[in-house]
Structure formats: C-alpha cells, structure tokens
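Which chain is which? They are A, B, C, D, E and F, in the order written, and residues in each are numbered from 1.
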Amino acid sequence: MIFPIFFTFALLLSSSLASVQDFCVANYKAPEGPAGYACKKPAKVTVDDFVYSGLGIAGNTTNIIKAAVTPAFAAQFPGVNGLGISLARLDLDAGGVIPFHTHPGASEVLLVAQGTIIAGFVSSANTVYLKTLKKGDIMVFPQGLLHFQVNGDKTPSLAYVSFSSPSPGLQILDFALFQNDLPTELIAQTTFLDVAQIKKLKGVLGGTN
Amino acid sequence: MIFPIFFTFALLLSSSLASVQDFCVANYKAPEGPAGYACKKPAKVTVDDFVYSGLGIAGNTTNIIKAAVTPAFAAQFPGVNGLGISLARLDLDAGGVIPFHTHPGASEVLLVAQGTIIAGFVSSANTVYLKTLKKGDIMVFPQGLLHFQVNGDKTPSLAYVSFSSPSPGLQILDFALFQNDLPTELIAQTTFLDVAQIKKLKGVLGGTN
Amino acid sequence: MIFPIFFTFALLLSSSLASVQDFCVANYKAPEGPAGYACKKPAKVTVDDFVYSGLGIAGNTTNIIKAAVTPAFAAQFPGVNGLGISLARLDLDAGGVIPFHTHPGASEVLLVAQGTIIAGFVSSANTVYLKTLKKGDIMVFPQGLLHFQVNGDKTPSLAYVSFSSPSPGLQILDFALFQNDLPTELIAQTTFLDVAQIKKLKGVLGGTN
Amino acid sequence: MIFPIFFTFALLLSSSLASVQDFCVANYKAPEGPAGYACKKPAKVTVDDFVYSGLGIAGNTTNIIKAAVTPAFAAQFPGVNGLGISLARLDLDAGGVIPFHTHPGASEVLLVAQGTIIAGFVSSANTVYLKTLKKGDIMVFPQGLLHFQVNGDKTPSLAYVSFSSPSPGLQILDFALFQNDLPTELIAQTTFLDVAQIKKLKGVLGGTN
Amino acid sequence: MIFPIFFTFALLLSSSLASVQDFCVANYKAPEGPAGYACKKPAKVTVDDFVYSGLGIAGNTTNIIKAAVTPAFAAQFPGVNGLGISLARLDLDAGGVIPFHTHPGASEVLLVAQGTIIAGFVSSANTVYLKTLKKGDIMVFPQGLLHFQVNGDKTPSLAYVSFSSPSPGLQILDFALFQNDLPTELIAQTTFLDVAQIKKLKGVLGGTN
Amino acid sequence: MIFPIFFTFALLLSSSLASVQDFCVANYKAPEGPAGYACKKPAKVTVDDFVYSGLGIAGNTTNIIKAAVTPAFAAQFPGVNGLGISLARLDLDAGGVIPFHTHPGASEVLLVAQGTIIAGFVSSANTVYLKTLKKGDIMVFPQGLLHFQVNGDKTPSLAYVSFSSPSPGLQILDFALFQNDLPTELIAQTTFLDVAQIKKLKGVLGGTN
C-alpha cells in the first residue's frame, strides 16, 4: 500500500517550498521597499487578491477634460505587486482628452476597446509619432516619453492600457506645472511660457504662488 | 537675432542624442540577442512600428478547442521589442477552452472584454486559484505557473491578455506532451498517465513514437 | 608614529560602509518582499549562514517515484537570499523518476554526480531536447519550460541542480493537476484527459472533487 | 623548473576566459540591441575607450538659455556601454537655465562644481522638491520625473550630472512640444495652453503646423 | 462653474496614486531587503532627503595614504535608495593613493575636478588599462574589477566618483588581506606572499593571527 | 473529421511563436552585446547545445598551485547564454590552492563533491567568513568579494561551483597584480607591498616592468 509513503514525499516537498516566491501579494500594512510592497503570507492569500473588478465600471467623465483614468496598479490591485505589470482603464467622452503625461517607470500599450482615439508620443529626438487608432488597434508608448490621447469623435471611447510595471506612475504635465506651489517666475524661466498664461492655468488648476 | 544661435544649440543636442535608446524597434533581419531583437535605425522607424491592428480581427475558433490565441508579441509587433510588455487576444466560442499552459518568461493579466470566462492557475504549493470572471474583470497569472481559461457560457467570450515581457512564450501542456516525438514510454514514466491515454492524445494531436 | 592616524582613516571608512549590501542573509522573521526575504543585521551574520550541509544527506527514495528532491533554496539556505542562485540535490534510485515539472522563476543546470540520467525538456515550439547524461555531464533547462529526469539504470543516480534564482519554485505537473481540489470536469476540459484517467490519478495523489 | 607548467595553467585559464564580459565597449558599426551597442572585440579595446575628455571643455552658452549640456553617454563614450552609468556636464551662465526636462530611462544625481544652482523636480503626486544648491552639494532626480536647473546668480555655474543608465535620454519639454510638427490644435487640447502662446513658442523654437 | 468638478477629478487621480513608487527614500529604522532600504512614507519625505552636502567638505588626508574617500551611498544619502546610482568624493594630497580596491556591486566613473590622477584597472584577462587623467577627464572602471588612483603630482587632487548602484560596496585589497584575523599561513598560501611581508602589513594595518 | 482544422490551429500558433525567446544559444560568430552572445537560429539548435561534457574530465593539477579550474561559462557552453547561470569544476590536489580571486559579475555557490576544502571570503567590512567544508557541504560567496579555496588534506578534492551569471568572470589576485606590465613602483604604491616581494612574484608569474 504505497499511499502513505507517497504522501510523505509529497508533503515533504510542499512544506520545503512553503515560501517559494511564486507571487508576492501586496501587504499594505508592512513597510514598502524599492521593489514594491511587502508580501502577504501565502496562507492568507485568496483568489480575490488576483482578481480586480474596478476596471468594469466606467470612470466619471463629467469634468473639464471629459475623461477619466481608473488605475489597477499595485496600490489598488495587490496581486500584481512584484510581477512587472499593471493595467488601467481610460474613458473618453466625445472630445475627451488625456492631457500630455508620462509614466516615469514604465512602458505602456493602449488597446482601443470602443470608438476611436488620436494618440501620440514624442521621442527624445523630438520626433512626433501620431496615429488615429480604431477599435482593436494597439499602440505602444515607450517608457518615460511624453504622450497623450484624444477622442476626436462625437461618441465616447473606451481604452485599456497595460504597463510594464506594477507601479508605473503618472505625471500629468499640467498638474506638474500648474497644480502646486512652484513659483510662477520659475515656471516662466524653465518653460518659456508667458506669466499671464501660467497664472491663467494656475487659476484653473488651483496652483499657488 | 537669437534664432540661429538657438538652433545651433538645439541641433547640437539632438545630434548628440541621435542614438539614445528611447526604444528599440525590432529589426527582424539582424541577429537576435538574449535581450531581444536588434534595433531598427531610428531614422527608419515610423509610427506604424508602434501600432498593431492584428488584435482587431477575431481569431478563427472553428477548431477542436473552439478558441484562438492571436499574439502581439515582439515577433509580430516590432515596437514592443525591449520594452518589457506585449499583448494577445483570446477568442473563446461557446464552450471554448484555452487548455492548461504556461508562459515561461512572463506574468499575465487577463481582461474580459465580452462574455464570461472561468479562469484558474495553480501555485508551486499546488493550491488552485479559480474564479469566474465577468466582463470588465481582470485576473493576474504569476510568471511561469500553469493556468487555463474556459468559456462556460452559451455565447462567445473575448479577452485581451497583457504580458510582462515582449516575448512571453506559450507552452501548451497537451502540445508539449503529445504533439512531438517524445517516446510514449517516457511520457508514461514522467506523467503517470496510462499508455492508452497517451496514444489516444498523440493520435488527436499528431504526436509520434 | 602613524598608526593612530591610519586607524582613524580605516575606521571612518568601515563605519561609513557598515550597511553596504555585500549580501542580504535571510531574516525569516521579518516580512518578505518581491525581491526576497529581509536582511539579517550584518552584526548577527556568521559563516554558518553561508554554509549549508543539507545536501550531504541522501534523500529518502522509498516512495512511488523512487526519487527525492532536497532543496537548498533561500527558504532553507539563508545565505543565498538576494544573490540570484540556489541549489538542490536529486536522488534517483534504479528506475527513479523526477516527473515532468517546471521552475516558474529560474533556469536550471543539472550535473550528474553518479550513475546516468535520461533528461529532457520541451520548448514553446514543442520541440523535445532529450539526452542520456553520463557522470560529469551537465545539461541546462531554460527558465519555465517543462522538463524531467529519469534513471533508466539498475543502479542509483545522484545529481546536483543549480538555479538562476534563490527561490526558483517547483511545479510538478501531476501534483498541480491531481493533488488538489480542481474539479475533474475542468481538468478534463483543459487537458483533454479522460475522466477515468483523472479520477485514477487523483486517487493515487490524494486530489478531491 | 616550474615556470612552463605554470604558464600552461595560466594561459589555459586566460584563453578560456577570452570573451568574458568584464565590459562591452561600444562598437558603433554593428547593430544596436535593447541592452545597448554591440561589443568591440576585447583585443581591439584600449584604455582610451574607457577615458573621455569631452567634459573638460566648457559648453557654448551663447544661446537663448545661456546654458549648455555636454553629454558623455554611450553614444559619445564607448566605455560605459552596458555598464548602467553615464555622465554629462552642465554649463550655466549668469541667468542660465536648463529648461524643464526628463530622462526617460534613468535617475540623475547633480553635483555643483562651481557657483550655485536652483534645482527642482515634481513628483507624480505633483509635489515640488525645490532647493538652492551650493558648491559641493548633490541632488538626486528620480527616474523619469520633470526637473530643471537655473543659475540665479550673477556668475557662471558648472555642474556634473551622473545617470543610472549609459543612454538616459533627454526630453526637453519645450522642444518636445514646440520644436516639431505636432499640430497647434492638438497641443492646445492636450496642454490647455492658448493657441497664441503655442504659436509664439513654435516661432522661437522652429516648430511647424 | 467647472472648478469643483475638475478638482474631484484631480484629487481622485492623486489619491489613487498616493503610493506610486516615484522614489523610495531610505527609512533606516525598518528592515533592509535585497533591493535596499525600506521606503519612508511619501508624506514624510522632504527635499532634504534628496540633497546631500557631505561631499562639499574635503576629507581628512593626514593619514598613511594621504587620501580620503567620502561616500554618498544609500547609507549616507537616503534619496538614492533604490535608484541605481550613488556618488563619492576622493581627496588625494600630493602623493596620495587610493589603494587597489573593488566595488563588488557597481561600475564606477571617475571625474577629475582638480589636479591630475594616475588611474588604472585590471581586466579578468589580466590586461592593465592605465592612464594619467587631467582635470575634466573621466574614466570608467567596469563592475567588480581591481582598480586604483594615485596623485603623482606635487599638488592636491580632487575627484568625484559615480557608481551604478546606491550601495556599491568598497573592498580595499590591503584591508581585506591584512586588517582582520585571517591566519597568516592561509594568506601566504592563497596570495604567494612571503610570511614576513604579511606580518609586516598586518602590523601596520592592525591584523591579527 | 477534426484533425485538419486542429492542425491549422496548432500550426498557426507554432509559427506565430517561431522566434519566441525560450533560450538564446550562443552564436559565437555574430557580434556580442552587453547581455551576452547573439542567438543561434532556433532551427539550428540541437540538444547538444544544452549539454556539456567538459566538466567530466579532471583538470591538470601538475602546476604550481596543484589545482585546476575548468569553466563551463557561456564562452564554452553555448546553452547557458542569456540564462543567468553557469558552472565550473575545481580540482585540488593534496595541498592544492585556488588563490584569492573574485568574480566581478556573479555570486558563486561551491559544492564539495570529494575530499574537504577550506574556503573563505572577506566582506567590504573586512570580516572573514572561513569554514572547512566536508563532502556534500555547499558555501555561497556573494558577488564580487575576494575568496579562496584550499585543500588542506593529504588526498585530492573535487568541487563544482555554480555562478549567477553565464559569464561570471574570474580575476585572480596574483595574476592581476603580477602577471602583466603594471609598473612595480605603482604596484608598491597601491598595495604597500615591498618592491622585492613584487619583483619576486613577477619573476614567478612572468610580469614585466
């Protein structure tokens, strides 16, 4: 009767591998490190740590840009922590715009799920790569480069974006320049923008100084 | 008149950065290396290298698994070469199945775009993480672990999968075991499957020996 | 008399480098992160953290596969934590088998220390790479691909395997499929195996449902 | 007389290590890959491949920004290819400005060698980190974030910047927006800038459309 | 009046990105991991975490080597933690020497800021790369290779070194061999040095046994 | 009759994955890159690229150190190229010594296969980690640190070493110092060794100047 012996073998193996790092589900309570969040103990991990439903809900686009970004980064989706990938949902109403922005730590691939999207990025050599994307098209935006998405149509667009990092970051140009206390004079010096233009956008976005 | 001077400055900078590696669009003619394909010369790169339309077309599901996988890996989509990310499209007809498989070099995030999908993976500790996903749900499959997707419904399902590598690989369990010349005797020894079962599946899948 | 001055210099340097990360010996009590275990304080590290004797003892092969795997991964051998390498010992009795398996996060090099071993792996293109290895031969199994080892001889074999990760993981195909609660119906759908075959192996391996 | 024997041993070792990758000096004639330039044959490498004198010469600051950037990236300095590091020299005349920019693929550390520099960066959370740096101060700018440097003094400043990549890239905001053919209308939509402002800066920087 | 709506949008985004890993400022109190120190909470980070003034002060060179190394590694400069870069300052008095040493985990680029420096490294093939560097010259020392710096002049030299790691380590050959309790007999066997020579240097450097 | 349809599906998949990077067997004729050798075309790869028999032959220990190192690095063993791992064989006759050395680009794990070995390494903090290893013991030497192995017994020892890189490099201290044209005066300055001692070892090892 071989069963008992076999189980010994099997159990021995499993236990010796108890903490193998197949995955590292984010434990938001422990301190973060350079590589991401600490790991939940495997025994406490459930399938729901690997599933996220937040991208199934349309973002609220009743705002000035007629658009919404719904992230599923490691901060929202614990299962991707440490795995080098994450997603987000883009809703663009008619005329909606995701303004010029960068992801400091990741490359992005955009997939048009509905409608059309005018997308572009600019390289370090200042070349523009611009395309109008139809449903089903995908476009890649290399790491750290300025890019944008616009819905030029009369109907809403939906896109899903994938990132090569669980925490890609998102730096929106206008927020970075006009939604904080960076002195207007410094912005003018470092962007060549007119002071009046800067003050106007600070007014809209709530920047000070 | 400052313009000329300024251009000098600008050009000097651009030229000195001419070959900065913002991206490395795949040049399929040069030899590959461990990090991916060689790079096209920046001057020959166009926006179409960064856009791929192949995922807009439904795969042909009139086959034994009633499913199709359409990859947009570096081998099909030159723009993702070297960028740590790629995508694919999954079409599952009613009852369609993406059989047990692994991606040797990447983690995967699946997004259900239409219908429902029963998805699961198994960890090194042999724990099963199983979930029925609705439209808009996403699920992550950690790198290298066995996983599958099934359409348990009466209507077709569509999903898009993202990978943490431009060349994630795809090893389908049944193909690996039964669609080559691996001797039946060795398969029996290393899988505990009955010889009759192996011969039957080799027959279906075209394996020899 | 220069000594005092010199010591000042020396001590200054040493202290300023007190926590340089030459190594990160696993501290099993602190929370794990995506890059591995937390580090023991250098002052508490001893040479025994860098030495492991567990591979000197033959594994118990009196089991159904007539084989044993003895790991020296970061979970057993704290000194390799964070260093991108680990080892294990394989004991194969006459006719012993390490069944089809993968290491989700690492490549492997096998060294035959005693006897002969029939080893093989299958690529994503379903090509089989199969070889009978003699004492002193080494064979590499690229990351994440299905592979196996068999002792076809009448005498025991011994092998040492090295991995390109301190936590390579080990997913044994039969355990993943038949040693948990994955429903038989789903296994049948996703492997094309007959229900009778699945139930038989679940019986042997202790799977349920 | 042991010498011959010893040499046998030594030569055997050296030859067997002939192509060990201690370094990979850039061969600008062979195709580039995602990890950098191809390697010069070790036999053709000289110490001058590891030394660069271009940073010893002050850049020409008689331009609109009263500043100059002199890079020593892999494209100029073959010895750093593949080594994860590069340098550049910044010359800022009185009132000189390095406008808002990012390095898509690298973190930067700036060292003030002469004069004072007002430096700042903005995080993804739109927080500004701003400081006036004195001679000898260093400041780090995390990867991919918008940052700038200004010489607020009456005398020239000199700084050296180090990067965590041999090809960090350099995307200057104004050049990316106003020095190419990106349509004014699209820029207005994606930056909220007034059309008049955009046209004015395109005029200065030579942008079209 | 669109402002309120707009703020909703802005705040929503910011909060959802609250813990994006733009940076990971070292928290010296939490346990270290293989990738570096744990991260300070973003709310507690200030610009002073990203600025370090310690390199503005000349090191004390009144010692046996007439030289000093002042590090700005992650252990001294919290802002570089996790960012793949760090700096140090070298002061060499007339005739000063930074003895043969390695950085186990990083490549180095040296910049001569004042005076001249004779620098060299040795490759795995035992080739010497030696150069006398003038002010403004830079030289790269590939990861892990033995190298040294000497001031052959009558006047002091100053250099700044950059590393491709926040914790490059520093192993000074003489300290490694002669400033600890490694038995003289073993040193003799493993270096071919005469016992008298070893005892003499142990005497100078404070080694025992 | 489903076979044809099924094959369509199967072939489609295989072809689309034709150049997936499961592995990158070294092509020694194409130019090397920072990540390793270029890849052989998959169609030309055979199982013998993944198998190496050179470690089955004892090295010639009739030399001054009574020891031999037989590498199986990417330069000798094409199958490990790009896979982050390699091996070597150490033969130590009675009294044999592998002198102080480093591996610039890799951590090492040593396995004693026969006899006993006295092994040690020194950390950046100049701490010695020294142990006498018995058959079956393993010891890890963290990346880039000075270490050695000695056979203190009357009988030969055999060890196998694994590295966390396919091209770990090997810098033997005595060769680096005394087997090239580095001027004796510079060696004396940078090692504190007596000129007579240096000249003596240069004589034995064939160094000049």
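Simple rule for what comes next: contacts are C-beta pairs under 8 Å (C-beta built on N, C-alpha and C of every residue); 3 or more make two chains touch, one makes a residue touch a chain.
Bear in mind that the values here come from a model prediction, so they are computed numbers and not experimental data.
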Discussion item. Half is the threshold here, strictly exceeded: which of C-F, A-E or A-B has more than half of its contact pairs identical to B-D by residue number?
Written reply: A-E
Worksheet item: Any idea how many Å lie between the Cα centroids of chain D and chain F?
Response: 34
Practice prompt. Quick one: report the Å distance separating chain A from chain F, using the average Cα coordinate of each chain.
Written response: 41
Item to complete: Report, in whole Å, the distance between the mean C-alpha point of chain D and the mean C-alpha point of chain E.
Response: 20
Response to the item:
Residue ranges of chain E touching at least 2 other chains are 17-18, 20, 22, 31, 33-36, 104-105, 123-124, 126, 130, 142-143, 145, 169-170, 172, 175, 179, 204
Item to complete: If two chains touch, include that pair; go through all of them.
Response: A-B, A-C, A-D, A-E, B-C, B-D, B-F, C-E, C-F, D-E, D-F, E-F
Discussion item. Touching residues of chain B toward chain A in the complex: what are they?
Written reply: 14, 17-18, 20, 22-23, 42, 46-48, 50-53, 55-57, 72, 77, 79-80, 83-87, 107-109, 111, 113, 121, 123-126, 129-131, 133-143, 145, 160, 162-164
Worksheet item: Once bound in the complex, which stretches of chain E touch chain A?
Response: 2-3, 5-10, 12-13, 16-22, 24, 27, 30-31, 33-39, 81-82
Worksheet item: Within the complex, which stretch of chain C touches chain B?
Response: 97-100, 102-105, 118, 120, 122-124, 126-128, 130, 142-146, 148, 150, 169-177, 179-182, 186, 189-194, 197, 200-201, 204
Discussion item. For a test of understanding, state which residues of chain E touch chain C in their complex under the given definition.
Written reply: 31-36, 60, 62-65, 68-69, 71, 73, 75-76, 104-105, 167-170, 172, 175, 179, 204-206
